[in-house]
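Next, two complexes with chain A in common: one pairs it with chain B, the other with chain C.
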Partner chain A sequence: MIDVEVLVIGSGPGGALTAARLAEAGRQVFVLEEGDWIEVGEHEPFSLDQMEAQYRNAGQTVALGRPPIIYTEGRGAGGGSEVNSGLYHRPGPELLDDWARRFAIRDLSERDIVEHSREIEKTLSVGTVPGAVTPASSVIERGGAALGWATREVPRWMVYGETSDAGDGERQTMTRTYLPRAREAGATIMTGVHVDRLVKRGRRIVEVRATKRLAPGISEPLRFRPEHVFVCAGAIQTPALLQRSGLRTNVGRTLAVHPMVKAVARFDDAINVPDDVPVHQVKEFAPNISIGGSASGPGLLGLALAPEWARFAEVTADWEHSSLYYAATRTQGHGRVQALPFLDDPLVTYRLTRGDGKMLVHALERMVHLLFAAGARRVYPSVAEAVELRTAADLTELGQRLKLRDLNLMTVHLCSSVPMGEDRARAGVDSFGRIHGFDNVRVNDASLLPEAPGLNPQGTIMAIASRNCAAFLAGAR
Partner chain B sequence: MRALPERAVAGFTDALIAERFPFLDADQQASTSTFVLSRWRVASQPVRLGTGAVATVLGAAAWSLAAMAGSTQGSGRDAAWGKVVHGLSRRPLPGISELSQFVVSLATAYAADRWPDAALASQAS
Partner chain C sequence: MTHTTIVTGAGGWLGRALLASFSGVWGSGDTSIGGESHARDGVLRALVHTANEVAGVLVVAEGAEVHVGDMTDPEVLKRLFEGADGATVIHAAGVIHPKRASDFVVNSVGARAVVAQAITTGVGRFVHVSSNSPFGVNSAPDDVFRADEPYRPYLGYGRSKMDAELVVRAAVDAGDLDAVIVRPPWFYGPFQPERQTSFFRLVRRGIFPMFGAGENRRSMVYIGNLVDGIVRAEQQADATGKAYWIADARPYPMTEVVATVKQALADAGIKVSERQVRVPRLFGDLAEKADGFLQERGRYQQELHVVGELNKTIACDISAARADLGYEPTVDLAEGMRRSVRWCLDQGIEL
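After this line comes the complex of A and B, so read on.
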């Protein structure tokens, strides 16, 4: 049995920041991470190899529903920060005030958050591209300007090299920032450890049972006796672990995502930079619709055209001239995460409403208009039977035919599966992440956002996690 | 020895790739099948259980066809899988299309990544 003061489960943005904050405050911190420690650059960004090494289930994860939504989760030290696009939004005062009021969350004004955001931005070197953005990013800016829509360059956590151009940036992930800081402050980080369950007695977690992977097929059990537990395993694994441990009240019933529809756009000029993503987004319709660009290697272009890749073979053959774009939406529907007996992986389901379907089709239409306004020669929406659009007018007929089930949906933003708030009828944790009814177990990751924020959520997740650490250190309940 | 669901997914994948990706040569098809199967093995358990169950049912149908034709091994088995996949492509059945979608999506991502001009080259020839 290993005695620890603070046990942090998961080392993504929430867990890494929690470990650093608490270790630097003099707490004895032990971090358990299921995946491996993989240095930035070991795998080509957004490649099939990276998916295999750094995504949970090699990216083969889906929320079942009509239609299903493919989702991805990072797995390994640093979690999603190691594989995502690195786009950063500071949570705005309107969003925070709205959440505080509607979900009965204490101390969530901009005043309560802003210093945490500033520290995070400094640590992660958040900023815009000092040099040139990628041609695929300029497409969004150009299309927005032509249509009179508001666009903006979204800052990233990135350090730029000599050229200062977008392609010369190096992401400041958790393995580059908060995890080394946690280690320097004395934290222990153990990788290759799957946490099986938390053992509760009364209002406390008295033991954490885990399995350490030693070699393929060989493992050993580990037991920890923690004073405090922070569960930071992400919006799918956190509720699954809590459910396996018998903590089920308002856990896993309100998963929220930003489903996105995608389209391939083909241009006369070469625009594709396969190992980078566009930094511009259309904000005209935010927070309900956000339009941006995705990683666009030939494999991802082909995937967007599946099952009609062969019909549009020129897209991948001539991949330098094409890029992938997305329109992400907020939804009224919700998902569920359910731990299943005898299985490690939970069942994830998501139910979209008819209104969500209309919103997604509407978002797709706007994206297609944007791409043609930016000079696209052809646009291929990623729908069940892929079609080639030659003008924006072609979309009118398609839009009338499209049903929700025809859309190929995916998401990389998962949250709200253990929402915070003082209303015990709705919230799984209190205003600072402590599980209702328990004294020493907290959630500090994307799970506790009360709803999907309508923007890249990592900045919001980290700012709230930092605030929760401060409250914990100050002894607030 | 592979477990039954894995054998069934492998048989289905080989046949579907042969049907849907005729422009890939035999080595490319084999490599693509290997990739799809490797990703199926690490897919989330609910995905694996669901697709494995569907493939097993289809495998039983393929085995029956092969048995009726007098050969449940080698080329007889492959031909039976081909008939099953061909039949499904003409008349998609609810619940089974997810398995086809799973295989085709992964196969497309891999093949387009490794041989981005393969499909175009076949059109030219």
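After this line comes the complex of A and C, so read on.
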């Protein structure tokens, strides 16, 4: 039995920040991470090889529903921050006030958050590209200018040289920032550890049972006796672990995602930059609809055209002229995460409403309209019975017949599976992440956002996690 | 040389409002109707579809040359455009609620014929009056259509008005025509037809169906604001090839539209029912489906079509018209509805 003061489960943006904050405040911190520690640059960024190594299930897990939604979860030290696009949004006062009011969350005004956001922005070197953005990113800017739609360059956590172009930045992931800081302040970070369950007694977690992987096929059990537990395993694994441990109240019932439809756009010029993603987004329709660019290596182009890629083989053969774009929406429908006995992966289901379907089709139409306005010669939306769109008239015809079930949907933003708030009928955790009805177990990751925010969520997740750490250290109840 | 202004669809709601404004009948001190006067010198030429519309045009513009005929008939158009090089053309003719769904095609065929004749004649600015229908319905109650959006035509009318816009755009792209497209949503105000009057009556009796909570929004345009927008589109030199939403300043929730009409009626001393019929949202969706089903089979049923649209949000953003044309809607829903009710009463229309 290992006695620890604070046990942090998961080392993604929520867990890494929690570990650093608490260790730097003098707490004895122990971090458990299921995946491995992989240095930035070991795998080609945004490649299939990286998906294989740094995502759970090689980045292809499915939320069941009609239609199903393919989702990706980072796995390994640093979690999603090691593999995502690195796009940062500071949570704005409108979003925070709206959440505070609708979900009965205390102390969530901009004033409560802004200092935390500033510290995170400094630590992660959040900034825009000093030099040139990628040609695939310029496409979005150009299309927006042609249509009169607002676009913006979204800042990223990157260290750039004074005149660096987009591809030359160094990503400031958790393994480069908060995890080393946590270690510096005395935290222990153990990788290759799967947490099996939390053991509860009364209002407390008294023990945490885990399995340490030693070599393929060889493992040993580990037992921890923590004073405090922070569950930061992400919006799928956090509720699954809590359910396995018998903590089920409002856990896993309100998963929210931003479903995305994608399209490959082909241009006269070479626009593809396989190892970087566009930094421009269309903000005109925020927060309902967001349009941006995705990682577009040749393999990923093929994946987007699957299962009909053979019909459009010239697109992947001529991949330098093509790039992938997405349109993401907020949804009225929700998902569920349900831990299953004897299986590692929980069952994830997602129910989209008719209105969600209409918004997704509308989002797809607006995205293609933008791509044509930016000069695309051909657009291939990722839909059942894939088609090649050459003109605006082709888009009109497609839009008239597209139904929700025809869309190939995927998502990378998973949240809200253990939502925070004081309304115990809806919320799984209180305004600061403590699980209702328990004294020493908290959630501090994407799970506690009350809904999907309509933008890349990592900046919001970290700011709220940082605020929760401050409340914990101050002894707030 | 005197300037000529040609208005098609002159016997309709908008056509009569335009001519009344151009002739000076509307707006010049006649506060019982209100609205902006755009009185102009020169020749007013009006095209109406049938002879029984002629009197209605002459009432509002007694000096107008009225031509009677089908806008798809080249002989009719030839006479209408005779010697009219350099003229302003306001193409406001269209079929909204036909007897058969196939009749919608008149909108695109008519636009093609009128545009062809306008090119042959060598007219000046051509203002094409379109609609929200080529863009369908918004995908969320807080969504608004921007000036530049993908076409998503709503059933037969939407498709015909989209095709008409495409005809105009092709002529502009070929360098043959100096055209601007104006897109009004649902309008209201003086010269209103019977269908709008029956809307008022349903509201007065409390039996106008409100779907769900009525939180869906509709952009509307007071007809005087629309006339002003059209004149600005006619006069703005660098607007060739552009398309603009011309509407009131903001979209109105359906609940507000109904409440405002009730208030305007009550203020005019008309007894208004206090009840309000509410209908589950589902019925609107069913009506939409039934409308689509019938239209695919060549039939058109006005009530079904209108009910199918009632629970939808159809909202647009006028900021491009504000920025490029200097358009500013001066009459809002409350004032506009008051003027509409007064106009009806002045005409002896029972509400």
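Throughout what follows, the second predicted complex is superposed on the first by the 474 of 477 C-alpha atoms of A that agree within 3 Å, B and C clash if a C-alpha of one lies under 4 Å from a C-alpha of the other, contacts with A are read in each partner's own complex, and residues count from 1 in each chain.
Assume a residue touches a chain if its C-beta (ideal position, glycine included) is under 8 Å from a C-beta of that chain, and two chains touch if they have at least 3 such contacts.
Please read all numbers here as calculations on a predicted model, not as lab measurements.
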Checklist entry - Between chain B and chain C, positioned on chain A by superposition, is the outcome a clash or a fit? => result fit
Checklist entry - Is A:Val387 touching the first partner chain B, the second partner chain C, both, or neither of them? => result neither
Checklist entry - Any idea whether chain B or chain C touches more of chain A? => result B
Item to check | Touched partner set for A:Leu147, first chain B, second chain C, both or neither | outcome: second
Item to check | Touching partner for A:Glu365 - first (chain B), second (chain C), both, neither | outcome: second
Checklist entry - For A:Ala270, is the partner it touches chain B (first), chain C (second), both, or none of the two (neither)? => result neither
Next on the checklist: Tell me the contact category for A:Ala470 with respect to chain B and chain C: first, second, both or neither.
Outcome noted: neither
Checklist entry - Just chain B (first), just chain C (second), both, or neither: which does A:Asp345 touch? => result first
Next on the checklist: Between chain B and chain C, once the two complexes are placed on the common chain, what is the minimum CA to CA distance in Å?
Outcome noted: 27
Checklist entry - Between chain B and chain C, which residues of chain A are contacted by each of them? => result none
Checklist entry - What residues of chain A sit close enough to touch chain C in their complex? => result 146-149, 284-285, 288, 355, 358-359, 361-363, 365-366, 368-369, 373, 392, 395-396, 399-400
Checklist entry - Which of the residues in chain A come into contact with chain B in the complex? => result 47-48, 52, 56-58, 60-62, 64, 68, 297-303, 305-307, 309-310, 313-314, 316-317, 319, 340, 343-348
Checklist entry - Mind pulling up the chain B residues that touch chain A in the complex? => result 20-21, 23, 39-40, 42-47, 98, 101, 104-106, 108-114, 116-123
Checklist entry - chain A touches which residues of chain C in the complex? => result 138-140, 142-143, 146-153, 162, 320
